[in-house]
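Letters are used for the chains, namely A, B, C and D, taken in the order the chains are written, and counting of residues starts over at 1 for each.
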Amino acid sequence: MKKIINNPADFVPEMLDGLLRAHPDQLSYTEDIHCIVRADAPVEGKVALATGGGSGHLPVFLGYVGKGMLDGCAVGDVFSSPSADQMLAVTKRIHGGKGVVYIYGNYGGDVMNFDMAAEMAEFDDIPVRTVLVRDDVASAPPEEAERRRGVAGMVFAFKVAGAKADLGGSLDEVVEVTERALANIRTMGVALSPCTVPMAGKPTFTIGEDEMEIGMGIHGEPGIKREKLQSADQIAERMTTAILEDLQPQAGDRLAVMVNGLGATPPEELYILYRKVHQMLTDRDLSVHRAYVGEYATSMEMAGASVTLFRLDDELAALLDHPAHTPFFTQV
Amino acid sequence: MKKIINNPADFVPEMLDGLLRAHPDQLSYTEDIHCIVRADAPVEGKVALATGGGSGHLPVFLGYVGKGMLDGCAVGDVFSSPSADQMLAVTKRIHGGKGVVYIYGNYGGDVMNFDMAAEMAEFDDIPVRTVLVRDDVASAPPEEAERRRGVAGMVFAFKVAGAKADLGGSLDEVVEVTERALANIRTMGVALSPCTVPMAGKPTFTIGEDEMEIGMGIHGEPGIKREKLQSADQIAERMTTAILEDLQPQAGDRLAVMVNGLGATPPEELYILYRKVHQMLTDRDLSVHRAYVGEYATSMEMAGASVTLFRLDDELAALLDHPAHTPFFTQV
Amino acid sequence: MAETISGDAVAQALRRVCAALIEQSDYLTSLDQALGDGDMGITMAKLANGLLEYLETASLDDLGKFLLGAGMAANRAAPSTMGTLTATGLMRAGREVKGKSQLSPQDLAAMFQAADQGMQERGKAKPGDKTIIDALHPAAQAFAAAVQEGASLQEAGQRALAAAREGLEKVTPLRSKVGRASWVGERTQGKVDPGCAMFVLVLETLNEGS
Amino acid sequence: MAETISGDAVAQALRRVCAALIEQSDYLTSLDQALGDGDMGITMAKLANGLLEYLETASLDDLGKFLLGAGMAANRAAPSTMGTLTATGLMRAGREVKGKSQLSPQDLAAMFQAADQGMQERGKAKPGDKTIIDALHPAAQAFAAAVQEGASLQEAGQRALAAAREGLEKVTPLRSKVGRASWVGERTQGKVDPGCAMFVLVLETLNEGS
């Protein structure tokens, strides 16, 4: 895959430099450029939310830093965790006196580094709580749900947590509502083509011209099955059925739906997928409260898509509807 | 390129069906599903704005139908014009008593069909005015600027026209301000890979693994030069220099900037391009009033990007800043 | 000895042209690939199918209305540049023979010239811009002149075809000045304009049948 | 006869390990490709370069502080799973020898065990999960036992290496239960865990030099 880049080693810092130049009213940084924070951080009296993870997933992670969502983000190299001291720097900078919640995807390196950061933050008397995102049903069976990866569903977690904090929720309340949200969020994806990590210079995996991988992770981790490319309706049905079996919504339930593109798949195709997902939900007497169709969590130029379902109660629906404004996500 | 589709012949209607299912509060249609209009159309007492063109460019065209932007859009098959009677149906449905402005890109089929539609609308006593978008500096020299293609710059035209109409501008005023905007908008693009029209099933053009085409149009029309792939900074410099030479802004001028991805190019790379564009503008004592970095006008899964510069006066800046809310574009 | 053309003959001629467009779709596409976006064969086949469908139910009582409807069906089926121009040509030709159920050679000449003029107005291309107009305009002129001189329809058709072919050849060395091909610039020199080639094909088909 | 290890010897040993990691980068990457995301060689080389840079200016007066700083430098250079675990190991080992400028075999044994325990706490992997712990834990135990029995450092090092190799081999037939490799499921069976292989390489390097 051809890339529009300079020196591959500068990929992340140049991307961040561009981002800060494009959104000076919304974003700033602390310590080094990998520590991105809201321009108005710290927001005094508000529970602060931090995330972090590898680069290459825009808008995830740092694209959700802004009003009504996150306060800061530690930015790693492509597909690799940022370091604990970068996370600590973000934590200190965004703390508005009410504690900090870490919300991020369940990946080994990230978990260990955020845990280290949390331990260090304690020395500075900053109460830190952690909520792990593990929404990818393809990555482990229900009995081992705590092993699951975090993928596009984390955007719903950011949204709900951000709204609760924005509305003045306490540290406990923000953690509780985010965990409740995540208990009701499931995602599954399909990949059609690999992507290339700039420093590696070659595709993350190979896949036949007529193949797809069902359940692949957003770094190209193996999924459930490699098979012949199917029609949009069949793909939508595969993903949606797997999620519904795991989530077990009841007739009459209200859902938010996200059809997320992994990078190279055009919005036209995402809407063709959404069409089938919506038909399936309607057939089961499930209603759609809000639909998100677009690129919310990507793998650079990977072709493919994921479906996320989020079962709502009244509070979760209200928090999802709350306005937000970040460089990549504006909701009115 | 692998696609997530069903029957290629159903690509456009299924995409539209998905879109209408995802955004029932925002979008509706009239006559046939290819005639997309605002859910609250007609907005009485407001000048109505219509666009149209081939599919495969989302968010262009129909993604900008909504509050503060367009009222309706006639949707063609992939890369081909909609028909005159579809445009007429949209025109009749959105007319709120103050006339209709057609704003669309300068492509033969579209021009002829919109002209036919305008003639037919006259029979229904609907005053119609046309503003053609011809922002692509690569498609003709300045002496023949009226031959140029319309590309990503049309989004700025939609934004400004939509704001003026929203603020109660008359038919003449909306036309005047849109033409003034377009006189100050220039775009240039670069393509790294082709895309595939679903019905054709093969790429629109071929290009070497180490090549790029400077100035290529958004349907794969030939550009200025095919050459070896350059660095992001070199590419940004090529495009920005060509635009600046054509636009001739003066030190102290205020610009809006758009770095637009054509489809497969990730946002990370767009921000790396933006970084260089911003440096070049700052070096020339040009200030950036607003930056738009993302996918605004695409060619399905084509890899590549374009840069658009828009020189602002006070009114144009205010209109650009006006809020808007469509399924693909929300500004607060 | 005045020839007359029945509605059935008009419908038959249209059917033959449609069949030829469908049959020559790949050839037309290959010409458009060298010069434009490579869709002309596909869109003209769509147009032909749209017309064939229209022909199944359309009434031939009023050939003016019949051609107007054919133009609208053509536009709906193929709103591309060439499709829209063709639609315009059909509609303008129809306007000339409103209410008639049979056509005279003079009618045909008037229709031909109205289509030429309408298509020039619609597309704003002038002779020499290297478009279909460069085959269409001389052909329409030659046909009218032949009819005026009292030549047979067959003779008039042959002269129109010769003029179209000559027009095509005259502009082949030139650079395309309008439409998508104009962006290809110098690389269009020496390449046959797909629109001209399509029109020559149409005339060949009409002549063969007559 | 009590052996003592100087700060310089510690720094030298660290340099040799770094050189080995850089040299074996492709080998480690190839192991991680079969089982994980194929970055372990790259990240461990980054870590090694970070440590080498740290070594250029770091003071050896307080080996506890020195190792704490080394851990932080390692984490900054390579915050991947293995990099972070390595950083944790270095920091925990440093905590055991705060203030010391020379180390005894007992110190080494305590450091080794502290690293083992710290890495288990950090990564939450248990023996049998098929991670670096399966080589590290038995090696730390064997080293401590040898020191306890009064064996020479060289002998203790050999026994640690043997235990690490045995641990690696014991888990190779198993399925990876934590980390990225766990998502690969059954396909991990019979494949060497990259973390174990890396740790064996580290011990081999340390033994060679001693």
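To be clear about the criterion, contacts are C-beta pairs under 8 Å (C-beta built on N, C-alpha and C of every residue); 3 or more make two chains touch, one makes a residue touch a chain.
Everything numeric in this text was worked out from a predicted model, so none of it was measured.
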| query | In the absence of chain A, which chains stay connected to one another through touching? | reply | B, C | D
| remark: Contacting chain B as well as chain D are chains A
| query | Measuring centre to centre with C-alpha atoms, which chain is farthest from chain A? | reply | C
| query | So how far apart, in whole Å, are chain A and chain D when each is placed at the average of its C-alpha atoms? | reply | 33
| task | Can you check how far apart chain A and chain C are, centre to centre, with Cα atoms defining each centre and the answer in Å? | result | 56
| note | Cα centroid separation, chain A vs chain B, in Å, comes to 29
| task | Would you please write down the residue numbers of chain A that are in contact with two or more other chains? | result | none
| query | If each protein chain is taken as a node and each touching pair as an edge, is the resulting graph a line, ring, star, complete or other? | reply | line
| said: So which chains actually touch one another? I want all the pairs, not just one. | reply: A-B, A-D, B-C
| task | Please name which positions on chain B make contact with chain A in the complex. | result | 1-6, 11, 14-19, 21-23, 55-56, 58-59, 63, 190, 192-193, 209-210, 212, 229, 231-233, 235, 263-275, 278, 291, 293-295, 298, 300-301, 303-305, 323, 325, 328, 330-332
| Which residues of chain A touch chain D in their complex? | 76, 79-86, 107-109, 112-113, 115-116, 139-140, 147, 149, 199-200, 204, 217, 219-222
| task | Mind listing the chain C positions that touch chain B in their complex? | result | 37-39, 42-43, 72, 75-76, 78-81, 83-85, 88, 122-123, 178-180, 182-185, 187
